Structure formats: C-alpha cells, structure tokens
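Each of the next two complexes has chain A plus one more chain, namely chain B in the first and chain C in the second.
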Partner chain A sequence: MIAEVFSKVQLEALHQRPYTTPIVAVTGGKGGVGKSTVAVNITAALTALGYSVALVDTNVEAPNDNMLLSLSLDDRVYVQVAMPIVKTNLCTQCGDCIAACRRNALFLPPGQTPILMGECNGCKACINACPTGALLTGWMPVGETFRSESGELTLFTGVLQPGRAESTVIVQALKDRLAAEAARYDVIIVDTATGVHCTVIAALAGATCAYAVTEPTPVGMHDLERILELCRILAIPTQIVLNRSDLGGWQGRLGACEAGTEITLAASIPYDSVLLQSYIKGMPVTQMSPNSSSAHIFAGLAIRIEKECLE
Partner chain B sequence: MKELLILSDKGGAGKSSVTASIAALLSGTLNITLADTDVNAPNLHIINKASLIKSAPIYASEKAFIDMTACTGCMGCTDMCSFGALMRGNGTPVLLQIFCEACGACIKECPEKAIEIRQIHNGYLHLFDAGGIKLVSGKLSIGQGSTGKIVDIIKSEARIAAQNDNADYLIIDGPPGLCCPVISSLKGCDAVLAITEPTMPALSALERLLNVVEYSDPAVGVIINKVDINPAGADAVRRSMEERGIPVIGEIPYDIHVSFAITEGVPVEICFPESKAAEALRTITSKILSLFETKQQERDIDHEQDTCMR
Partner chain C sequence: MIIDSETMKYETIKKPAMDAGKGAGIAVAQSVARQGVGTLLTGFVGPKAYSGLQAAGIQIFDGLNTMDVWTALKQHTDRLLLQCSGTNARKGIPDRGHS
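After this line comes the complex of A and B, so read on.
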C-alpha cells in the first residue's frame, strides 16, 4: 500500500471551494446498491423539512436521479474540450506539435500539414508548442450539464457523450456550474458514480461528509472497504447506510468493518416493495408513501443530516 | 479463441453473477478462461470463491512530478493545465496527480525545467484459480487513476492465459459505466452481453451503452435481469431492443437464491440448480454460442458482397 496519497496541502487544494454550503456526498463503491435511491430520498426528506436543496447527479455515465424524481432535463449547457485546428498557410511543418503530443494523436504526412488522427484529450500542448501560431483552439463537445427545478429542489445533472472518455471533465464542469449559485442553497447533496476512480474523487472533492451505501453481501463489503479507504485518505467523515439490510448472513462482517474503522452505521433499510415501487414510479418514497417504513428511515436520515451538518 | 464481454452501464445489474454462472455452464464442455475488468470494484473472484495464485503490481499510469527544490513559484504551469491538476498554492503550485493526464503542457511552460513525467504504480494484477478455471483480474489502487490502462494489461494477460490453456472462450466480466475501462474492455471482443433491468434508469443506461458498443461492432445480445419486478418496464426494454434490431436472448426472474449464491461464493447454477434463476441462465447459455455464429454469418455475407463489388 502507498502510505500517503494526498499531502495536507494537496487535500486543501482538492477540497477548496468558493462557498460554504455544506456538501453531503452519497457514494458506495459497488453499483446497484441504492446510491441514487438514498440521494433522491434524503433530498426529498430535506426539502420536506423546509430546506432549499441542490442535488448534483455526478454519475455522468449513467445519470438517473432525474428519472427517480420524474424531472425533465432542462437548461442545457454543452461541455467542450479544446482541440487543435490547423491553419495550413501558417504551418511550416516543423513537427514541434507532433513532438509535444504525448498521446500520438497528431500525424504529419511527409510534405503536408499535421492531421488530428488519434484520441485528442484537449490538453493544448500542441497549440502551445507551435512557433508560428498555425494551430488555433477549436472546441469539441464531450457532454452536457442540465439544471432542473422543482419547488425547493434544484437538480444538477451531468451527461457524458457516449464514446467519450471525459467523465471527470463533465463532473468538474457540473460542480463549477453549481458553484456559481451554491450560496443560495441550505445544503448540497452529491450523488456519485460507482467505483473509487478519478470521477468519484472529483465528485467527493469538497464534501463536508459522506454516506457510503452498501448491502450485506461479501461483494458489498469488499467494495465498501475500498470506498471507506478512499474517504479516509480524502479525510471525509463517512457513515454507512446499509441497504437490503435483511438479506442475511453478513451483518456480522459489517460489525467487524465498523469496529475496525470506527465508522458508524447511520441507517439500515430492510427490503421494501414500497421502495421498489417508488423507484419504478419515479417518485421519492417520502412523497409517495410518507407512512411507509422506508419513508420513516429517510426522514430520520434527513434529521441526522440537519443535526450534524446544518446547525 | 473468442471473446465474450459482459457489460452494463448501470451498476449492480448482475454482470458478475451472470458471468459466473455462464462460465460454470460452458466449462462442462468447453475450455474457458475468465477475466474481470471492473478494476474499481472487482468482484468475480468473490462470487466464484477463487483462490489467489499470484499477484503483481501494475505501473500503468503516467503523472507529472514537480521538483520543489527547483520551483521558483512563478505559477506559469498552473495556467497551462486543462484538467484542474495544477492549482495555485501558497507560494508554490499544488499538483493533484489524480487529475493529471500526463499531457506535458506544463513542462514546456516551466522556466526552471522542474517538471517531468514519470510512470507510477496504480494497481495490481491478480491471477486466480476459480475451480479449475483461470481468472485474470486486477484492481485500481485507492487514490490512483488510469483505469483504462489497467484493463489493457488485464486483457493482454488474460489472452495469454487463454492461449496457454487452449481456451475456446475468454469470458470477461466488464465494468459499469461507459468511460475508459469500458472502452478498453471492448477492444477486440467478439460478442457483448448487455445486462439490464426493467426500469427506466436501467433502460436509459442500456441505450447509452449500446451507442458506445456499436463503435467496435461486436455481436450483441441483451439479458433482462429481475424481469418480473416491473412487467411494463420489461415491455419497454423489449420494444426498444426490437426497434434497434438487438436480440433479447434471455430474461431472468427476480430470485433471492442469486443473493444467497453471492453470499455462499458459488455460482447460482451450482449452488441452487433447481432455482428459477439457474433455469433461466441455462437457457441463456444455450443461446450464447449462436450469438457468435450469427455475427460470423453476417460478416461472411458482407465479405462476399465486398468481393462481388470488386
């Protein structure tokens, strides 16, 4: 294992943001454990308490919070990355741009001007390397961000264009868009993608605290340990939400995991067909069936967030 | 040797469970090698209760390094980074390697030549024995990046293992999403099985995934998992696939035995052969090989037409 992935100075830079609104991240490592369900329902429960909430769906490869809320994706803004455009009359065919591109995306046919052939990631190294100004900055779309409103809830959604690799760029663009108006919300809920990679780290950056959603199976526990390790090195206080908690057999392991890491179990959600129906219907269970056991659990989580982050 | 990749844009749809059972069924008559390219959350070895044979560190990530003893704090580099990896710190730049794409744009800007790019450790390669079947797996180290490059290494090792074992099929349990590790997983595979669920979020994710899969033109089949939890949603998936001309080659009912099997660490097919899910998986497995054949026929026809045109 690597001792320290982030130094104190790096952590400060990673978490720095131009607003103080608390950010609660909902994450979990494994896919399909209920991250979006938890994020959407605690958002609904917090709005029911009278708070103005921004929900940020950073799962840009498979965004679905809008579907769980039956909201349309509105107010589109394109996310673009730079690309070189060759002005052939200025090009001296010196080859400096070819040497600058570490991805070998530029090709210089003999006696001709450079052609963009490979996977350009928009770093602009070639444009900066050109001594004659023959490379201009063009822009290529890699995805979109959206902003949808419903009462006290504002949903920010990022969408990666299929076939592109710039998930992290979209997450960063989405968070920049939120930053412009973040001060007007009481709390921000960030729903992350699965995994522990750069996209998830970009989503977790700046989080006040996090909830790691998991299920009591060996795979759930394995992936939980990975996300807890990530949250630890990012210095984000994290609690566990155990979904399908009555699946059986593995609660003991969770206890060991809690003891080993001194991490609290914030809520247990037993399997509930009402919760499944609310997912299918696209309405938070706290609105669809406010008296259901699941609705009570999410209301309890909202009160927990209120006490720990909003007072 | 043919490659079959199991994918789902939405996480938790059942990729690993389906992979484990299909492999168990096919290995009765064919030589199978397994790979797990979900380097964020590799789970196939748990579902198969596989035993680790060997493990090796991976150095597949390139990152910028700043020599702070040479840096004068001019901050020129911070304006050059397009990826948010270089920030203005207190007197010196702060480098967040996780967002660094190793493009080198900052290097040219540094008057002190204090920045260089080096390869760093970012993951592990694992070889498992899953009940007589070789499983090549790997994982991303926590806090590191470049998942696509780890997948490239897993796949190349898996192909070597498959060839050494005279495998008929390399079955790859893929990652969720549709970004770098998915694109790397798709390279060179012959057929893709896309797993989905009968819900709006899962269908929307499936349609996005199919747009990516089409780039590499493999044979494609869809499996609807937990098909009975939402009959209307299942109809929507079937209609959408019919419009796209992609076959739904199987439907698996919701079955608690699948969860029990995961907890046992044994494929549901072996653990609970009488269960509804196991029965559905047997039907699916019997159709998988025809997926490859149909694609081969299509390609043969295309080839003939090309030849005739010439």
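After this line comes the complex of A and C, so read on.
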C-alpha cells in the first residue's frame, strides 16, 4: 500500500467547490473500455428521469462525447495562459526575473535581454519581480472550451491545442466555466480521460462519487486496480462498471478486487450489438432503443445514482 | 571548472541546478554565461543548455567525457576538437509542463 499522498487539509482543498450540485465522475484507468459510452448513456438516462444534467467532457486531448450525442461544439471560449514579454528598451539586465523563475524558464545572455526559453507555467513571478516594468503579461492560447445544449442536457467540452502540455489548465477552465452555472443543474457527470495522471485528478476533484469503467481482461483489471487506488487516495467512493462483461473470463479477478477494497460492482454490461450501433449512430442507446437490454442497464444505473446521490 | 586561457589560472564552480526540477539545463547555461565564459569543453550538453549557450554566443566542444581536463584543453589549443553542431544536443519540444 502506498503511503498517504495528500493530507486531510490538502484533500479538502482539492475537493472544495463553490456549489453543492452532486458530481458523478465516470473514469477507469484503461482507454477504450467505454467510459464515454457509459457517461453519455447515464446522462441520457438521467435526463429521461426528468433531471437537468451537465455532462463535462474532460478528455481534452481527444474529446468526443459531442459525437456520441450528435451535438455540435457551440459557444467557444479561448483558454490562455500568461507568459512574460520583454520590453527590451526598459530592461536594465539586472537579472531579477531570472532569479524569480523557479522553473528556470528565462535565460539572460550576457549583454542582452531575457529570452523565454524553458517551460514557463504562467506564474508571473518574473513579471512581479522586474523592478523597471520591462516585463509585460502576454497571453498564449492553449485551447478552448465549448458549451452545447440539447433539452435538459448541457455538454461542456474542453479541447487542448495539439502539441501543448496544458491539459490540466483546460480541465480547470472547463470546471470554472461550469461553476458559474452549476447551481441550475440537478447533477453533473464528469467524463475523465484515461489514466491516473494530473489531468484525471483535476477532473476527479470535487466528485461526490465515481464509477470506474473496465473490461474483464488482464489489462482492464490491471488498470482498474490503479484507478481504484487513485480514487482511494482522493477519498472518492467508487463503484465498478464492467463493460463487455461476457468477454475474457477475468471476472474472478474482479471478485478479488471487490473483496480487497470494499468496492461494489454497480453494473455489468454484456456485449450488445445494439449498443455498438448506437455508438456508431451517435445516439445514446437509451434513446435509440429504450427497450434494449443495454438501455435497461443504463436506466438502472441512473436510478442507482438517483438513490445514492440525488436524494 | 573555469580556466583563464591566458594565465592558465583556474577555479571551479558548482553545478547550480542539481535540485532544480525544471530548467536545469538553462540554469547551468546561465551560470556558465554569468562567468563570462567564451568556450565550453564538455562531455554532453542537453537541448535547453545548448540553446542557452548558443544565445550567449559560447562556443561548445562536446563528446569529451572520457578525456581529462588538461588533455582536452591541449587538444583545443591545438585545434583538434570538433565544435558541437547541436545535433547531439537533441532539441527538446518546448512546452509548459503542468504536472
């Protein structure tokens, strides 16, 4: 067992948010297990129950919940980060900015003015340190957020500019945008990226509970253990959704996983060609074929969320 | 180690950024440049340090990791060394890591 990563105070700070609307995170360590399918379908099932739902697609490197819902990306807002711009005529080459930058992103060649060379994180320490006002705040675009509406469903999508490293900044911008109107929704569903990295942590921050989607394969089980460990570290109550549950034959391992961590299996979704068709068509199965077995499973999950989080 | 090529007097400086998580290369280049160094004889320079040293107009001769300082210096004064073209110091992708 890994030692506690966050103190109680740090955890409280991480989960702090300015609204009380429940947040249900849909996550899962492995890619391609159906996180987005599950997120989109429980969102649709919850709207069918009459709830007003915000779905937040934090897969900023390849967002596609809008495609699974056949929604266009509307209402674009650019996300930018600060960076220093040198006004060379005001610079006295004092070097204060170099000393202020903890990331050693600035370089001062002898007899010249500073050059931004390294990994600037936009903290502005250099700008504040400059005694002559030679450093101005410039803004570098790193991505966008979008807001799309369809009836009781509002989709928030974050998009990172390819080649940039600020995924977490985009997720944060997306959450800030949502926070401004979060109170008007009954529930917020957050679809996270694959993995257990900082972008996923930023997406999980503030979650009331989480569903870890996986599949019964060796890789699926391995990555599930990692995401369960992360959710334990973040103190988020987590249940499992087993997708393609009739595949592979690793269900036994899942039992061990459950027993060891007191985590429950919320739903098993067997392979279903109707679900696949809905995925291709870009329409939640709960809408496309409400009487299919998959639709019933998602409706059951929605009722479970209603009971556990919304009452 | 810094050597004055006229007087052959030398002093050593500490590598400054051993504990800098980010931008260690740039910090090293900065401290070398601050000493008024004109030529650097070294084993290997990283991409960021290379850009910094270039910007400061410092000549770099690399690949000398198996050579002792005085042999390297002798070879340099005899003009036997090859200047670093930067291809060894593979260019990193500039980013703004947010981990």
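Convention: the second predicted complex is superposed on the first by the 305 of 311 C-alpha atoms of A that agree within 3 Å, B and C clash if a C-alpha of one lies under 4 Å from a C-alpha of the other, contacts with A are read in each partner's own complex, and residues count from 1 in each chain.
Everything that follows uses one rule, which is that contacts are C-beta pairs under 8 Å (C-beta built on N, C-alpha and C of every residue); 3 or more make two chains touch, one makes a residue touch a chain.
None of the values given here were measured: they were computed from a predicted structure.
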Fit-or-clash call for chain B and chain C when the two complexes are aligned on chain A: fit
First (chain B), second (chain C), both or neither touched by A:183: neither
Contact breadth on chain A, by residue count: chain C or chain B: B
First (chain B), second (chain C), both or neither touched by A:100: first
Which superposed partner A:167 touches (first chain B, second chain C, both, neither): both
Chain B versus chain C as contact partner of A:303, first or second or both or neither: neither
First (chain B), second (chain C), both or neither touched by A:198: both
Touching partner for A:121 - first (chain B), second (chain C), both, neither: both
Chain C, chain A and chain B - angle at the middle CA centre, rounded to the nearest 10 degrees: 40
Partner chain in contact with A:109 - chain B first, chain C second, else both or neither: second
Touching partner for A:81 - first (chain B), second (chain C), both, neither: both
Distance in angstrom between the closest Cα atoms of chain C and chain B, superposition on A: 5
Footprint overlap on chain A, comparing chain B with chain C: 81, 102-103, 121-122, 163-165, 167-169, 197-198
Interface residues, chain C side, partner chain A - complex: 17, 20-27, 29-30, 33-34, 36, 48, 51-52, 55-57, 93-99
Residues of chain A defined as touching chain C within the complex: 81, 98, 101-110, 112, 115, 117-122, 142, 163-169, 197-198
Touching residues on chain A, where the partner in the complex is chain B: 1-2, 5-6, 9-10, 12-14, 16, 29-33, 36, 61-62, 64, 67-68, 81-82, 100, 102-103, 121-125, 128-129, 160, 162-165, 167-169, 172, 193-199, 201-202, 217-219, 222-223, 226, 229-230, 233-234, 244, 247-250, 276, 279-280, 282
List of chain B residues in touch with chain A within their complex: 8-13, 16, 40-41, 43, 46-47, 62, 80, 82-84, 87, 89-90, 94-96, 98-99, 101-105, 108-109, 117, 121, 140-145, 147-148, 175-180, 183, 199-201, 204-205, 208-209, 211-212, 215, 229-230, 233, 259-260, 262-263, 265
